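What follows is a group of structures, each given as C-alpha cells.
Shared chain: chain A. Partners: chain B in the first complex, chain C in the second.
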Partner chain A sequence: MSHIPDSRWRKAVKFSVCLTWKQQRGETKKNAIQKNKEEEVLSDCQHLVIWRRFSDFLALEISGGFAFLPFLWLVNVVWFFREAFVKPAYTEQLQIKTYVKRSALGLLLWVAVLTTWITIFQHFRAEWGEVGDYLSFTIPLGIP
Partner chain B sequence: MLFVPVTLCMVVVVATIKSVSFYTQNDGQRLIYTPFPEDTDTVAQRALNSILNATIMITVIIVMTLVLVLLYKYRCYKVIQGWLFLSSLLLLFFFSYIYLKEVFKTYNVAMDYFTLAVIIWNFGVVGMMCIHWKGPLRLQQAYLIMISALMALVFIKYLPEWTAWLILAVISVYDLLAVLCPKGPLRILVETAQERNEPIFPALIYSSTMVWLVNMADTDRPKRNSTEAASPQQETQQAVASPAPSSPSQDDGGFTPSWVSQQEHQLGPLQTTEETRREIQQLPSARPPVEDDDEERGVKLGLGDFIFYSMLVGKASAAASGDWNTTLACFVAILIGLCLTLLLLAIFKKALPALPISIFFGLVFYFATDNLVRPFMDKLALHQFYI
Partner chain C sequence: MSNCSCYSAFLSFAGVSCNSVEKKIYVHLNYTVSCVRLLNATHQIGCQSSLSGNVGVLHVLESEENLDWVLHSGPNPPYMVILESPLFTRSVMMKLKNGSGRVAGVAVVAPNTNPAEGFSPHTTCPNENTGVYSETYEPTMANCNMTVWNPLGNGLSYEEFDFPIFSLKDDNDTQVIRQCYLDHNRAGNGSTPQYPLCAMQLYSHMSAVTDTATCMRRNAINFSLNPEMVCDPLGDQNVWASTRPLNNTAKGHKMWESVVIAAARLDSRSFFFDIAPGAQSGVSGFVTLLAAAHALRNATQEAQPNRTILYTFFQGETFDYIGSSRMVYDMENKQFVVDLDNVHSVLEIGQVGLRADSKLWLHTDPVSRRNESVNKEVEDLIGNLRSAATGLNVTVDVPGFSQPLPPSSFQRFLRARPIPGVVLEDHQSAYTNKFYESMYDNAENLNVSYPPNLTPEEQLEYITDTARVATMVARALYRQAGGEESQLSSIKADPQIVTKMLYSFLVRSNNSWFQQLGNVISFLTGFVCVVHHDFCCLQLVLNRNCTIRIFACSTHFPPPCDSSHLVPQMYNYMWVQGAAPPNSTEREGYCVRSTARLSKALSPAFDLEQYTSKNFSTWTESRWKFIKGRIFLVASHELEMLTLGVGVGVLLSSLLVTYIISSKADILFSSGREPTNATY
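Coming up: the complex of A and B.
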C-alpha cells in the first residue's frame, strides 16, 4: 500500500465497491471491466450512493412530515430537487420524483394553512379581546 | 473553510446581544456552578468570588470529562448516547423557545401559541434528525452553528463578568493540558479508540465535508446496533449540543456534558461538562484528498470551540463599555488564532487544542483594546483630531 498513492487507492476501492453494487443489481458483466469504463461506473454509482444513503431518510421525511412537520417536507424538496429533476434519469429517479412532488404538495398546503391563520390572527387579535390574549404567546406593548 | 461557520456563529451571537436586551440583563439569577455573586462591596471580594466560581466550573468540567472517558472506556455507549440525546433535546426545544420569546418581545411582535408550537416543533424535530441521524450537510452545519450560538448566549447571560473571563483563560489552559499531556483525558480517549480500532463516538463536531468512503463500509456490513451505527460510519459527521436540565430552579439548569471525540488525529479534548459542551476537535481529515468534489480534505472543529469563541466575542460586545472597536478586535484576534491553529495542524498532523491560541489572542486584544485603544479613540474623536 505504501507504493500506491492514497488517492489512487481510494479511487480503486470506490470503483470496486461500485462495481460490486452494479453486479448485485445485475447491471454489468463481470468480465466487461475495462480501465476506461471506470469513470462510467463511478458516475453511475453516484446514484446508487445517494439512493442507498438516503432512501430511508426520504421515506421517513415523507411520513414524518405528516406529524405536523412541514419543515421536513421543505428539506425534502430543496435537497432532492436536483436529484429528481436536474440529473439525467436513472432507475430510482422515478421514486425520488414522486416523493419530491408529494412533499412539495404537502408543503404548499401547509404554507397556505399557516399563512391564512397568521393573517387572521394578526388582523383580528386586538378585536378578539380576551380570547386573543389567551391565544397570544407574546403580547406587544402599545396601542394596536 | 472554518472561518465562515465561526464567523456566522459570532455574528449571530453579537447581533442577538446587541438587539435583544434579555441576554445582557442581570436578573440576579446564577447558575448553580457559579454560586458566588460578583456584586460585592470590595474589589478583593469580587476577585475572590470570581476565582472560586471559575474553580468550581473547571472542576465540574474535569470531572465530567473523566466520567465520560470512563464511560467510553467501559463501553457504556448507550449511556453516552442517551445523555447526548437528552441534551440536544433540551437545547433544541427549550433554549430556542426562550430565544424566540425574547426576540418577539424585543421586536414587539404578537405571536400565538399555535404558530409558535409549529415553529418550535419543526425546528426541534428536524434538528434532532439532522444532528443525530442523517440530513443535508448544510442543514446540519446550520443547526450546529445555531445551537452553539444558543449555548454561548446562555453562558453570556448567566456568567458574571470576571468569572467569564477567568473561565475562558482557565479552560484554554486545561484544553492545552488535556490534549497534549500523556495523561490527559482526551489523549486517553483517543488512544482507547485507536486500540479498539473503532470510530470514536461522534457527538458535537462541526465537519466541513461529508465522507464518502465511510458509506462503503455501511453497505457491506449488516445492520449493526444503533450505538455503533450512529458513529462516524455515517457519511455525515454529526455533532450534537447537549445540555440537559439539572437544576429546576434556574432558568436553564445545568447541562449535561456532551462530549465529542473523533477518530484519528483529533484535536483538542472533548470535554463535556455540565456547563460546557466542549469538544475541541480540530481534525484535518485523516483521509487523503479524493478527486470527488464532495470529499475534500475536511476539517472538523468541536462545537465547544464555537461556543467559547462566540462567548468571548459576545461578552466583549455585551460589556459595559461595549463598542464596536473592541468587538471587532476580538473577532479578528480569534480568526487569527484559528489560522495559526490550522497552520500548526498542518505542520504537526495530530490532535491539537483549538482553544488556547485563539482565546489567548482574544483576551489580549480585548483587554488591550478596551483599556488602551478605546480611550485613545474616544479622545481623538472628542478633539476632532484625525490620524
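Coming up: the complex of A and C.
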C-alpha cells in the first residue's frame, strides 16, 4: 500500500465495497459500520482482497489448463509467500497456505526431474547416435 | 567502427583522415587456404577449428628439436606454429597432433620451388579398399603386398587434426608474419618473451562430424526452424564421348555395338582444400587422351573403324573411384548408353608425364589373364601398342613380372567382369612421381617451363611437348578399334594442341584460347567438386576435338542452338563463344555439334543410401561458414583480468552512488513542493 494516506473519499468507497463483500459472505456485524472499527474492517477487507485475487488466479490457472506449469507454481510460491507465511494469521490464510505449499512441492519435483533429464541428455547425447539426433531440436555443428 | 565516412567529409579539410579501430588492431590474411574435413563411412579426416577461431601465440619453428618449446617449455601456450616447408613432415605433424592443447594451429609456408626430396601426403597404397584386389580376388596382391605404389606417401592427408592448418605463400604477407614474430615473440638469451605478444587467429570451423552416415542423417533432419546442411557428397560429372554417335535416350545394351573404352582420370587432390594441380597424376593422362582424340578426328570420320571408341574421363578417382564406380554401376543397371557386354577392351592412360628414357610401361592384370580368351585379347592390345610405338621414338614394354595393376579406373571395370585391358604408365613398379597428390605436383614437376620474358600469349604457343605419346595412343586405339593400316601414318597428334592444353591446365586457364570456348570463371584446380559445381570446361575442350562446326548462330548471348534438323538423342549441341575476327571486337560465336556428354559422377552409395558401404566410395566434404585468419597483438592474461575487474568495479560503484543519491533525493533536490494530502 502506498505511504501517502488515502483521501477520505477513497476510504469511504473501500468501506462500502468491503461491507458488500462481507454481506455476500454473510459476515455482517452490526458494529462494523461504526467508525472505530473501520480499521479492523479495512484490514479484514485487505485480506479478502488478497484472497479474492488468489482464488481468481487459481481459477485462471485451472480453467486455462495452466495448472501443470511449474513456472506458474514458482509465481505462486514467490508472490504469495509473504501473505501465506509472514503476515499475521487471518481466516483465509489457511487456504492460501495449503495452495502455496502444494505449488512449492510440485515445483521441487519438476526441478528435480528436469535437472536429472537435462544432465543425462547433455552427457549421453553424443553416444546415443541416431536416437540422440532425433531427440534434439538443434544439433550443434562440428562437435559430436 | 568503420562507418566514419560521414565525419571524414568534415574532417578531411582539417587534414584528419578516417581510421577504423579494427584496422589498427588486426591484420587480415589475404590468402587463406586451409585443410578441410572430409568424412567417409568410418572416419573423419582433415582439420577442425573452434567456432570462434583458434588463437595462438606465433612461433616460427626452427627445427624439430625446437618443438620442445611449443610442446613443453614455452610459457605462453597455446602456440600457433609456423612451419617452413622442410619441416612439414609426418614426424613433426604427429608430434604436434599429440600436443594436447598447447598447439592452437599450424601455418605451412609453401615454397616457390618444389622440394628436392619429394613429398606426398597421400597414403602409400592409394584406394586399396575399393580396387579389384581384395580378400576374394587374389589376396596376395591386395593392400600393396606385392608392390608399394607410392613409397614416398606419408599419409598426412588422411590424418585427423583438431586444430586448423593453413597454407601461406612465401611472399610479403608472410614476411610480415615472420617480422611480427621476430619483433615480439623471440626469446633472446634464455629470457622469456614479454607481453604483448604477436598472435594469430585462424577460423576454419567445419560443420560435419564423425562419419558420413551421421552427417547425412543430420542433413535430413528438418525439425528446427532453419535446417542446415552440414556436408555434401563428393562428386561431379564424368565426361564421355564416342567416335560414332550413340543414341543417348536408349540406355542399356546396344546390339552389334562393340566399344573400346579409352579412359583417363580428371582429378587429384592435395593436403589443402582447392589446391590440386595434379600435373603428373591427372593432367598428363587426360591431356594425352584429348590430344589422341583430336588426332583421330579425321580418321574416325572418313574411314570408320569397326568398333566405336568411347573416350571416358572420370572425375573423383582420387576418392575411391567415384566416377568410374558410378559408370560401371550405371552400365550394370542399364542406365548408360552401353552396358558391360558391349565393352570389348579398355585402354587407360595413367601418369605418363615423367618419361625417363622415353619409356612407357603397359600394366595388365595377371589374374584375369589366366583366362585364355582374355589373355589373347590383352596380348593383341599390347601388340597394337607396341607397333604403334615404332618409329615414334617412344618405347613401350611390359613390366616383365607378375605384378598387379596400379590404382586405376580400370580396376572398377574388372570388379564387374574380366575385361581385357591395359593401363599405360611411365613407371615400371613404384611411381616415379615424387609429389603424388600434393600441392607440388605442378608444371615444375612435369618440366614444363617457359623461357623468361614471354607474354602469356607467347607462352600459350610455346611448344613444351612433342605429343609423341598422344600419337602413339591414337594409333594404338585406331588399330584396336579395327581400323585400317593405311590410315595409321596420317594420324598425328598436334603439339600445338598439347602445348595449349598444358598451359591452360597448369599455368593459367584464363587465356585467349579457353576464352573462345566459353565463360571461364575459375581456374580448374582439378579437385573433384561437390555436386553443385560445374565442370564444363573440359567438356568444351572435348567438344572442340570431336566436333564439326555446322552453322553460325548470329546473336551474341548463348541461345539454344536452334535449327530444325537437330538430333539431340544422337548429338550434343553447345554454344561456343568463339574468337573475335582481327578487325572487330565482337566475338563470333557458333554452335557446335558433338557426341561429348556429361554423366553423373556421384557414388552409388548415396543413391542407394548405403552410407556405410564397403563397395562404393562414401566420401563427403563438410560445409563451413568462412575460412579466414588474422594477426594481432595479445596482452597478458593478468592484464585482461585486471581490465575486467576495473570495469566491474566501476559498474558496482556507479550503482552504489546512484542508490545513495536516489535515497537522499528529497534532501538533495528539494524544491519546495506542495503537500500532497489535498482533500477532495
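We take it that the second predicted complex is superposed on the first by the 111 of 144 C-alpha atoms of A that agree within 3 Å, B and C clash if a C-alpha of one lies under 4 Å from a C-alpha of the other, contacts with A are read in each partner's own complex, and residues count from 1 in each chain.
We take it that a contact is a pair of C-beta atoms (placed from the backbone, for glycine too) under 8 Å apart; a residue touches a chain by one contact, two chains touch by 3 or more.
Everything quoted here is computed from the prediction, not taken from an experiment.
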item	value
Contacts of A:71 with chain B and chain C, given as first, second, both or neither	first
Partner chain in contact with A:108 - chain B first, chain C second, else both or neither	neither
Contacts of A:59 with chain B and chain C, given as first, second, both or neither	neither
Which partner reaches more residues of chain A (counting touched residues only), chain B or chain C	B
Partner chain(s) touched by A:129 [first = chain B, second = chain C, both, neither]	second
Touched partner set for A:121, first chain B, second chain C, both or neither	first
Touching partner for A:142 - first (chain B), second (chain C), both, neither	both
Partner chain in contact with A:94 - chain B first, chain C second, else both or neither	neither
Shared chain A surface residues [contacts with chain B and with chain C]	5, 7, 136-139, 141-142
Parts of chain C lying in touch with chain A, wherever the complex brings them together	48, 51, 205-210, 214, 217-218, 221, 223-224, 228, 230, 676-677, 679-680
Interfacial residue positions of chain B with respect to chain A in the complex	101, 104-105, 108-116, 118, 121-123, 125-126, 129, 133-136, 139, 212-213, 215-216, 218-220, 235, 287-291
Touching residues (chain side chain A, partner chain B) in the complex	5-7, 10-11, 13-14, 17, 21, 49, 52-54, 57, 60, 64, 67-72, 75, 78-79, 114, 117-118, 121-122, 125, 135-142
Chain A to chain C touching residues, read off their complex	4-5, 7-9, 129-130, 133-134, 136-139, 141-144
